[in-house]
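Given below, in the form of structure tokens, are the structures.
Both of the next two complexes hold chain A, though its partner changes from chain B to chain C.
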Partner chain A sequence: MSRKSLDRKISRRKFLGTSAASGAALAAMSTGLSRVSFADSHTIKIGFLAPLTGPVAAWGKPGLDGCLIWADWVNSKGGVNIGGQSYNVEFIGYDNEYDAAKARTGATKLIKEDGVKFVMMLGGDTWPGVQEIAAREGMLFSTLLPSDLSPDSTTLLAPCEVHPIYNVTGVEWLAENKPDLKTAAMCAQDDSLGKPSVATYLAAFEAAGIEMVDEPLFFDPATTDFAPVMTRLLSANPDILCLDTCYADYVHPLCEQAFQQGYQGQIISCTADFYQKIIEKTSEEFMEGFIFQFPDFDDPALNSEGVNFVNPNEFYAEYAKRYGASEWSAVSWEYASIMDLWADAASSAGSAEPAAVLEAMKADGTGKHAFGTADWWGTELFGIDNALVGNWPVVVIEGGKATIKDFRSIPAWWDQHKDLMIKHMTDLGQMWNQRG
Partner chain B sequence: MDLLWQTAVNATYAASYMALIAVGLVMIFGVMGVINFAHGELYMVGAYCVVFLYAQENFPFLLAVAAGLIFVGLVGLVMERTLFRPLRDNPLGGLIASIGFLLILQTLAVFGFGRRMGHVPPWTQGKFEVFGAILTYQRLFVIAAAIVLLGALWAFLKRSKFGRALRACAQDAEAASLQGISMNQTARIAMFIGAALAGVAGALTAPLVSPTPYIGHSIIVTAFIIIIVGGVGSLEGAVIAAVLYAFVHTFVTTFFDGVVANIVGLALMLAVLVVRPTGLFGAKERA
Partner chain C sequence: MPGAGTGRLVRRIAWQLRLVFLFAALAVLPYLLSYSQQEIAVLLVINVLLVSSYRLLTLTGEWSLGHVVIMGVGAYASALLAKRLGVPVPISLLLGGGIAAATAAVLSFPLFRMKGFYFLIGSFAAGEIIRLIWKRFTEPFGGPKGLKRIDAFPDIDIGFLSIDFYEPVNYYFLALIVVSASLFVLYRIERSRIGLTFHAIHWQDRLAESVGIDTFRYRTLAFVIASFFAGIAGGLYAHYVGAVNPTRFGVDQMVYVLVWAIVGGTATFHGPILGVVVLTVINEIVLRALGLDTARPLIYGAILILSVLYLPKGLESLVPRVRERVRRWRSGPAATGEGAG
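Presenting the complex of A and B:
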């Protein structure tokens, strides 16, 4: 409700008109349809099946926003060259509200009605709703959560995020740079995003010689008051507070609670979306040294030679211009980076058909990941080599600004500590052959 | 930090805002016989009043809270006039209408404020220690406001003419009507107070939670557990059940985990229903 609308005097006619418009908008929402640009005869449609509303929207909507920038840039340069013909790219959005049943409906619509050639998802709790359709239709899907991968889903790729495996890089960096910190406490929401991340952090802490002061504390995703959670975490005086892969809606109040309950130690988290607002709720001093895994793309370190993301600083500037810098989130660039891979593969395959693109993408066992050349990997952990894994940045808040401190190799960590990872994943029932 | 005291302080805060919400829900049910499923969304609207007035438009926090109380009370009046009065003889219709209204409120919140959590800066970062536990001024304010508001409501119900009319309608609407008490007027008052209590709970706690258009879901589930434990229709029961539920849930969350706490909360409700089907303070049959 904007101030402008409040200031207006609402006539009966205007009220009825607004109501009709609201009804139409509601109807559009109920079908989940969000057509974000218009097709022409040389257009390839890409499905964007992710939470655009609800508590997980922070990992869907900013990604679609980033894709719109990607599409504008690519289309303004003539589109993607496939088999000698240039094609514009159109994104068809569908809001699955992080619900498996809605994801199933969305996947069916995108494939059957819209004729998309590729579907990007957040994954997690929504993937089981789509798995059968993906297998039946042979459609190429991507997920940000490689814990969705399994040998049963040969057309599902994790070409950008290797959540939660990259979290090991943050812990490794922390152990090397702050060796005096020896104990940790951790909490996570009790869902398919939280649990594999807990297993990963447990493995990483064990590998780094950091002791857990307590069992990981799981909380209900419907939690609104985080004071009891934080009280429990702080009760054992940990050197490190680990917020796992909590959603932004949880990271913010958890940090605020830690601040209010007098915590002054180290915090590590997978994400710190909209961290400027956390600083506003706590203080710059409190957030100094906060470690997480997702850089702002205005970071000069992203201009280094190995980084494959196209014009990261310009992308960030355009994103900030369109949506505001404080709207930048962990996923703002990720879906766009997947589109870079898809476009390269479609061009080299000379076809946008899912099977041809998949084959081209994995042709030599490596791929141009956003943060450097990486390997298609994952058989031991996911039962299939469909995750593109290489380097990942470690990000630290310094002076109120996210700063890349290092790029670390995930495969190098894996080669040394894979037994620990498999042990903790197995203990929490998160191996591919344990998931239902 | 003393763990037991800190947990008790956390539980007291939780009991405070839960009591405000649950008492509002009981008021509406007691007088109108309607199960208001949109009550969680009234809490959400109260929270967004603070997001809009305090966080976005820089009005003083107290003014934003007062505006939240009044605005949500007025929303309650609209609900009473447009939804519940035409369906007065159809409790199921009222329930379904309230479900429809909650979707409208959610959608309006999404249109007005976006899908993501609203950001409300703290109005103070002050805190003090009590028996080794840390209590922030923000949480203390919620506790104090709940005590004052519930005390004022108690005085209103016991001492004022309108309060007596409300209690009479809650006991026997037909008999009250025969005594010349206007059902429409008492329903309006009950709806205004019930909605305003949910709204002020949302407004007071907005800086302490992450308001989203969907926050009402978890709120309404908790509120229903509380009023069932306390006895549907009993204001005293709602307050005592809020305290009981908040302490059980908070202590179990702290000493076990949040998922177990939810199970224990539901088990508490089931146990009360088995031992005392009308709830702790409920009458055997609503008049």
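Presenting the complex of A and C:
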């Protein structure tokens, strides 16, 4: 054996030994740290169970980042007052990778080991894995996807985002402001997020007198080449291109394809996460007038009297400072706004226990939603009044910047057109009593 | 020769003792874990069966990209039989495995007209067709949302004994029994004449055909047996988590199975098991405990690259090396050459 190879062997052995020792030390530090925070009786732990990695991470990770700002602000002001005692808030994150089994593991860890008092989720495919433990433990959960709601889960709330019902506000605004646009084509990924959203857009277009030029085009979530999708959508020459509730990983290439294939019409979408990057890939002119539903929180319209989100402009500035403005997404503020609601309820209940907070939240049938006072609603669509529904903003990209054009009432639309919504939801098998 | 007979007996007793020790360790293991780690252990045991069944298929030299979908066939079948037809879960689990095997038998006709890379692509296409069927037909498959509230394994309550299978520790033991029995069958098949034929087809399929072996039938047999056990793994998963959807059985999950098999190695029975155990512990326990949740894909990828570079024959190649070191260490410093200056 040569001296050189001997040296190499020794150094590899040393490397492995050092790595193992470092790993053990880090693990010990990590365990030690969690024990220290667990021992702090003036800290309330909140679980954050969402995809932090993988294709759906854009609707998890920015939310956790927003929550960390929320916690820093609240804790720097002395924490949340509950029963005359101030408590700091600590978020415990668990990456469920948008997988039901991992969500189940994460929920048990958060509830049984970390001792959290409330768990925030994205929901969707992950909720069925958690449903049983939520019922057994009586834990309060929130979801951003109210299609998870059902009468079987009384401790699950949709207190912020009533996806996809708010999409009707964008279509309603579009029809009023651009009445010459009369036809639409739509695509969506074929999954539990895409389908109810398609039903909503179909109802909204029908209510607005906008005709579909073709059946909605469902593409597989594994799709990576969007050129054929866009070619087919544009083949019928629609006035409006609807991107439904596509994930950011689809919205970006779809917009690129529309740009490259020479589309110059109106685009409407539920989200336009990281839209600055879309503008970089297309052009400011191409994205001008793009309608979606999620504002940047530096928008002056959010300082109006009815808005309940605390210091939205400062929140956006802090978010941009910490993570970069281009990292702002649809969910950056949503989980934080749920925490505003939770903190209010815990304070008024005088307790952080899930049952007490739930009762306080729903005490008078209304709640302070981020965009104004809203009603606990949903029996006809979800089988239970656990969705907080009120006004929702319509956002348009103008001069390369997302701008709130209006706040529209979802309940007002519902009162006029609920039959259409129920019809399309039923046709696509999306009513609560049709699921699974 | 009494000497050789005694040696065999000693080796056999040593092997049995190792097995007893292994089962004792597996029996004690959940009590050393936290509640959430017990949950991970349940899924790990199920994945051990999945990757071991995949290895049986690779014995014939064919690598499939549809094995996770076949697991899904077992999961969906078992879930639907229990949920819609009221079939008792233990029976639906077996029937789910049977339906997965039957699906593989049907698929084998087009797929085994292909070999190598073409088989790989063909198996991927077949899997995608099955997944699209689950998505397209809301009745009975639940469409993109899949099935939820799937019947759990029935609790046992006979007065002095009460077992709730929602508890991960109880399901761990149930899964351990099912998976151990399955692994025993897979091991016996590999060690039988059929297993040797699989190996022969892998290395010299033309030669095997020339001596009268029907390679199509043996490849089909390997595919069907592997699919039966993948279906059982799917059933165990569905009745534990309580929900299945088409995304869960997508190509992303298949990549994990390939990675476990490649990192562990497929030359030995224990290679893929080593792969799935080591990578799961690193990914789900160590990196999470270190607070590296969001960095896991990066670190996982780095581990893969390093293992391919420095352990091209997989983790299983470490076992003989470790054995050799232990043997040398036992023989003393002179044998190892240490201290020789």
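By our rule, the second predicted complex is superposed on the first by the 397 of 436 C-alpha atoms of A that agree within 3 Å, B and C clash if a C-alpha of one lies under 4 Å from a C-alpha of the other, contacts with A are read in each partner's own complex, and residues count from 1 in each chain.
One rule holds for everything that comes next: contacts are C-beta pairs under 8 Å (C-beta built on N, C-alpha and C of every residue); 3 or more make two chains touch, one makes a residue touch a chain.
Nothing here was measured: the structure is a model prediction, and the numbers come from that model.
When both complexes are superposed on chain A, chain B and chain C end up clashing with one another. Shared-chain residue A:D191: touches chain C; no touch with chain B. When the two structures are aligned on the shared chain, A:G93 is found in touch with chain C, with no touch to chain B. In the superposition on chain A, no contact is made by A:E314 with either chain B or chain C. Once the two complexes are laid over each other on the shared chain, residue contacts for A:E176 go to neither chain B nor chain C. Residue contacts after overlaying the shared chain place A:G106 against chain C, while chain B stays out of touching range.
Of the two partner chains placed by the overlay, only chain B lies in contact with A:R232; chain C stays clear of it.
Residue contacts after overlaying the shared chain place A:D427 against neither chain B nor chain C. In the superposition on chain A, A:D220 makes contact with both chain B and chain C. Using the contact criterion defined above for the overlaid structures, shared-chain residue A:E280 touches chain B, although it does not reach chain C.
The superposed model places chain B right into chain C at 255-263; the other stretches listed in 165-173, 255-263, 273-281 or 327-335 stay free of clashes.
Contacts of chain A with chain B, set against its contacts with chain C after fitting on chain A, overlap at residues 26, 52-54, 61, 190, 220, 222. Looking at the complex, you find that chain A touches chain C at residues 23, 26-27, 30-31, 52-54, 61, 93-95, 98-101, 104-106, 108-109, 112-113, 125, 128-129, 131-132, 136, 190-192, 194-195, 220-222, 429, 434-436. On the side of chain B, the complex with chain A involves touching residues 1, 3, 6-7, 10-11, 13-14, 48, 52, 57, 107-108, 110-113, 115-117, 119, 121-122, 125, 127, 134, 136, 139, 208-210, 212-215, 217-219, 221, 249-250, 253-255, 257-259, 261-262. Contact residues on chain C toward chain A in their complex (touch as defined above): 34-36, 39-40, 43, 128, 132, 135, 138, 142-149, 166, 168, 237, 240-243, 245, 247-248, 250-251, 284, 286, 288-291, 293-294, 296-297. Residues 1-3, 22, 25-26, 29, 52-55, 57-58, 61, 190, 217-220, 222-225, 227-229, 231-232, 234-235, 248-250, 252-253, 256, 260-262, 274, 277, 280-281, 283 of chain A are the ones that touch chain B when the two sit in their complex.
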